[in-house]
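Here come two complexes built around chain A, the first alongside chain B, the second alongside chain C.
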Partner chain A sequence: MGLATYVARRVLFGFFVIIGELLIIFYLTNIAAPNPAVIWAGPESTQAQVQLVAQTYHLYSPWYVQFYYYIMNVFTGNWGTSPLYQQPVLSLIEEYLPVTLELTLIAFVIKIGLETVLGVVSAMRPNGAADSLIKVTYTTVRSAPPFLVALGLLLVFAYGTHTFPSSQPINPILGATVPPFQFYNPLAGKVTGFWLVDNMPILNALLVGDWAAFSSAVAHAVLPVVTLVLFGFGGIVRLVKVSMLEVLDQDYIRTARAKGLRENAVIFKHALRNSLLPAFTLMGVVFAGLVAGSLVVETVFSYYGLGYYVAQSLITFDTPSLIGSLILITVVIILSNLVVDIGYGFLDPRTRVGY
Partner chain B sequence: MTETLAVSDLWVDYRTKSAWASAVRGVNLSVGAGEVIGVVGESGSGKSSLALAIIKLLPANARARGKVDVLGKDIVGLPSKDAHLYRGAGMTMIFQEPMTSLNPVMRVSDQLSEAVVSRREHHKLEMFRSDSVSVPRGPDPRFSMGPERRAPPSKEAVEALRQVRISDPERTAAKYPHELSGGERQRVMIAMSFLLRPRLLVADEPTTALDVTTQAQVLSLLLKLSRDEGTSIIFVSHDILVVGQVAQRVAVMYAGEVVELGPTEAVLHNPLHPYTRGLIGSIPGGFKGEKRIEQIPGSPPDIMKLPSGCKFNPRCKFAMDRCRVEETALKEMEKDHFVACHLY
Partner chain C sequence: MSRSESSVTLSIVFGNWATVAGVAILVAFLVLTALATWPPAYHLVARYSPDTLNFGSANASPSLAHLFGTDREGRDIFARVVAALPIDIAIPFEVVGASVGIGLLLGTFAGYYGGWIEELVLRVADLFFAFPSIVLALTIAAILGASAEGLRVFYSEMALIIVGWPFYTRLARAQVLMIKQMPFVRAAEASGLGKLRIIRTHVIPHLASVMVVYATLDMGTVLLLYSVFAFFGLGASPPTPELGRMVYDGLSALPGNWWWSFFPGLTLMMLALGFALAGEGLRDVFDPRLRGQR
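Now for the complex of A and B:
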């Protein structure tokens, strides 16, 4: 089976996951607010307006009929309108998703890099000074709930020392003046915006060369990123350490040493790649965890991304926004798992046969 | 000319909960250039520990005491960060288990090319230039400055695969270890040794995991390496017959000591030590057409609870009172044929 068939199968599988997930969310939101017409129409709406909203959204029908209408609309690109923002859900997602993607990707890269290095360091001298220090650190950090870590960071670095800003993805004044990144698109044959990227505060500022906006966006991202990095910190450290110790005992490491390779070459060329394999399988889960963690982190830091948007829509019974953004989060997680599984095949040739 | 390897009074101890347990107990052994020497013994006799101590690859819970002179330099006290200087083109090792001795995530050609690069690096070192070490036969890599030397490592790797008689070496080089059979992997390991052109090769049961036909091929390849490159080989095995086919001299180990050492012919046809006789007697099918399998009673001693006197005395049918109290030492019975036994 080729790679294309494999990907096609996984995409089809992902499609069914999304349908199943939609069913569950739809049912649950229906229990939470069976007839949200009053909420959606607003507190000062007349009876006629509530009627209109209810009819537009088929709110008098059973939930599975509503589900049928929703599914049909989702595939035609109509994800509904957010009653809270009075904007189409799809354009809201376009605005909020890139912010979260940027934040979680930065946190992901830092987290994986840092934890891997710490894992290797602990494995070099098990129970040595460095290993013990690392152990104490991650046990402490891991035992603290993420919202508490976020509040602690806010207290110390925002309200205490004023080192970093406490909320928002970027200084609102700078954010309003920075232009969206545009480039000559050879497919469209004209200058267009870069979809998704022009809504990423850091990357967009970097691409248009607005350094004031860039440094503001970076400073605003520091505390949320640190919180996300510390969220579940230590799992990969331990995994890398254990598998590194295991790999260093393997015959092929003795072969590499017998070849006369330097210790550095033995560890970084032969041992590291093998000991990263178990950690790599976890990458998809870690990324999914960060996306889930962004809900808490973005709420605490008022970092206007998808997590914030989901939290708001939960509180305000903004069902179209909630369902829409959950679909998107599912898509992101399915894609990241697919990328991890394909990447694993490149890292470990033994599993490529399975495609 | 110095010997390739001179082991004197080598002890290997393993850390246990309460104390150090010695797996190798005062072994003396020397190997000349181009010589093939067999080390035979049961499992637990300390032969693998001896092999690992020679190449300085003992596990972290073990220590070596005594002297292991490789190319005229004692490596026991050498800091482990410098050990790589003596491995590679100095000495290398082939392991028992071909299925796990190659890195699963690297192509065969990359793993072999590393050996080429390692050899070229090593040959720049002073100790491989000095005249104290000489290679008796075969092309001397120190002076071959021709196109061979400048060939890209991957090309040399393919050439080495051809040398070890792997069919379609180009395709095999591009494969990963899991795509090869056990015999092919062991031949890749030997190809690695061909590329390193080591002065000393430690082969720890290299044929044990292979079937008989592959075994014969691997043995002849090892002999070819010794013949072509003047590599000394320490061939560790539990199988005295296999050792008899390749080695010029045989050392028989029991409970961490060498109990008999001599030319292969002499040891196989005129075994002196009761343990060696037992080993030969227990060959199935009857070596030299004898009719019954004779087994050695009992089992090898626990290195934590060694008997006093001769370590073999509880299993020996000739044991005398003296054997239970007095330690044995190697005595030369015939020319170059040593035995450690109170019978003589």
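Now for the complex of A and C:
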């Protein structure tokens, strides 16, 4: 099977995932409320609005007809209007997504790097002082709810030492902090003309060459990124340590040592590459975790991205926004998993049999 | 690579010490909760009622009178934390219990019978693994809880179970595939026992220890997840205290009143730490192969 077939199959599976997700939500809403029009129209809607929603979504038809229209609306980009923002959900997501994507990608890179290094350090002297210290640290950090970590950082570094700003993705003087963002725009916000890039505060400032905006955006991102890095900390450390210990037991490492290589060369040139492979499979999960963590992190730091948007929708029970964001997050997660799996095939040709 | 004798001893001591600490934390919380829920003993634990408003002492910082300080309405935060414990401790047990139950049932049947049952169960579980589970669970809880304030805790638990069972199903199935090949199961089959009887008396008891270990490790995760649900208002409705919700409410009083958010958050962390340490201790006892791999 070629790579194209493999990708096609995975994309098809992705469609099933989204349909399955919608089916669960559709089914549960129908059980919880036999007439979901009231829920979909929002808690403070009038009778006429409820009627309109009922007609728009064919709520007087049998459930499978309803579900057909429900799915069709999703796949044709008709994701409804947010009762809270009075704007189409799709355009809201377009505004908010890039901010979160940038934040989570930065956190992702730092997290993977830091945890890998700690994992290698742990494996070099198992049960030594460094290993014990790392173990104690991540066991404690993992047990902290994300909002507690955010709160601690906020109290110390924002309100205490005033090192970093406490909220928003950028200084409001330098750019819009709420949609429509069109950050720091000498060229009317359209630097590349591509919405995904234009709405990323740091990248956009960098491309425009606005250093004041860039440094402001970076400073605003520090505390949210640190919180995200510490969210669920230790999973990769453990995995890298275990696989490193396994690799260090193998014959080719003994050969490398026997021919007189220095320990650093053995570990970083020979052992590290192979011991990173199992950790690589975890990357999709880690990224999904960061996206979920962004809900809490962006709420605490008022960092207006997709996580903040979803959190607001949760608090105000904004159903169309919730379902729209859920679908989009699912797509992002499926794509990131696909990238990870294809990348894994390049790193380890043995696993390419699968496609 | 040489390991000195003392560092090995140290690690064993640390391992034991950590487990002991975890169990001690959990027992302390259970005793506290039991005393607080039993009216005659309540005054031993907390001096104030969790719901009494006292605007005269609003936003009081932590002191001997108010151990954790007070919130904007002058309610004693320590009393509210204690009052919130029963819900927050019960929920991991309920959610993980139900997830393990469903997973044990589906996984065992899938693993033991094989064929189309196995195929179906595994494919559905695969589908669930592709979901962004936390966001899906939050969405389900919010959509269902929107119009039913009294049922929000129940719906949040249900949402957590919906995304929780596939892990245990896979775990149980993988274990059953191994157990199925063991001589004592073969012997039971040869002696003509029925399949259901074999599953009940030979397979499931053999699974139990592994499931208990993973369930204990999962408890802290579920506790923290549920606290996020409560944080977003998907837990018990006010004025019932909820640890996660108290953190959220306290954020609006920053930077002045930091104790309002901090102590409920710290309580959650201690509880989660208790579950994590106890769970890892259990794993070392039940599964020596994993010893030292934490």
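Quick note on the criterion: the second predicted complex is superposed on the first by the 282 of 355 C-alpha atoms of A that agree within 3 Å, B and C clash if a C-alpha of one lies under 4 Å from a C-alpha of the other, contacts with A are read in each partner's own complex, and residues count from 1 in each chain.
Criterion: contacts are C-beta pairs under 8 Å (C-beta built on N, C-alpha and C of every residue); 3 or more make two chains touch, one makes a residue touch a chain.
As the structure is a computational prediction, the values presented were derived from the model and not from experiment.
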Considering only the touch criterion stated at the top, classify A:262 as touching first (chain B), second (chain C), both, or neither.
-> first
Contact breadth on chain A, by residue count: chain C or chain B = C
Thinking of the overlay built on chain A, is A:273 touched by chain B (first), by chain C (second), by both, or by neither?
-> first
Once the shared chain is lined up, is A:347 touching chain B (first), chain C (second), both, or neither of them?
-> first
Please indicate which partner A:254 is in contact with in the superposed arrangement: first for chain B, second for chain C, both, or neither.
-> first
State whether A:132 touches chain B only (first), chain C only (second), both chains, or neither.
-> second
Residues on chain A lying within both footprints (that of chain B and that of chain C) = none
Can you name the residues of chain B that touch chain A in the complex?
-> 55, 57, 59, 80-81, 83-93, 95, 97, 100-106, 114-115, 118-119, 121-122, 176, 178, 189, 192, 196
In their shared complex, chain C is touched by residues of chain A numbered 13-14, 16-17, 20-21, 24-25, 28-29, 32-33, 38-39, 43, 125-129, 132, 135, 139-140, 142-148, 151, 154-155, 158-159, 166, 238, 241-242, 248, 288-289, 291-292, 295-296, 299-300, 310-311, 313-315, 317, 319, 322-323, 325-326, 329-330, 333-334, 337
Which residues of chain C touch chain A in the complex?
-> 1, 3, 7-8, 10-11, 14, 18, 127, 130-132, 134-136, 138-140, 142-148, 155, 162, 220, 224, 227-228, 231-234, 244, 247-248, 251, 254-255, 258, 261-262, 265-266, 268-270, 272-273, 276-277, 280, 292-294
What residues on chain A touch chain B, complex-wise?
-> 249-252, 254-263, 270, 273-274, 277, 347-350
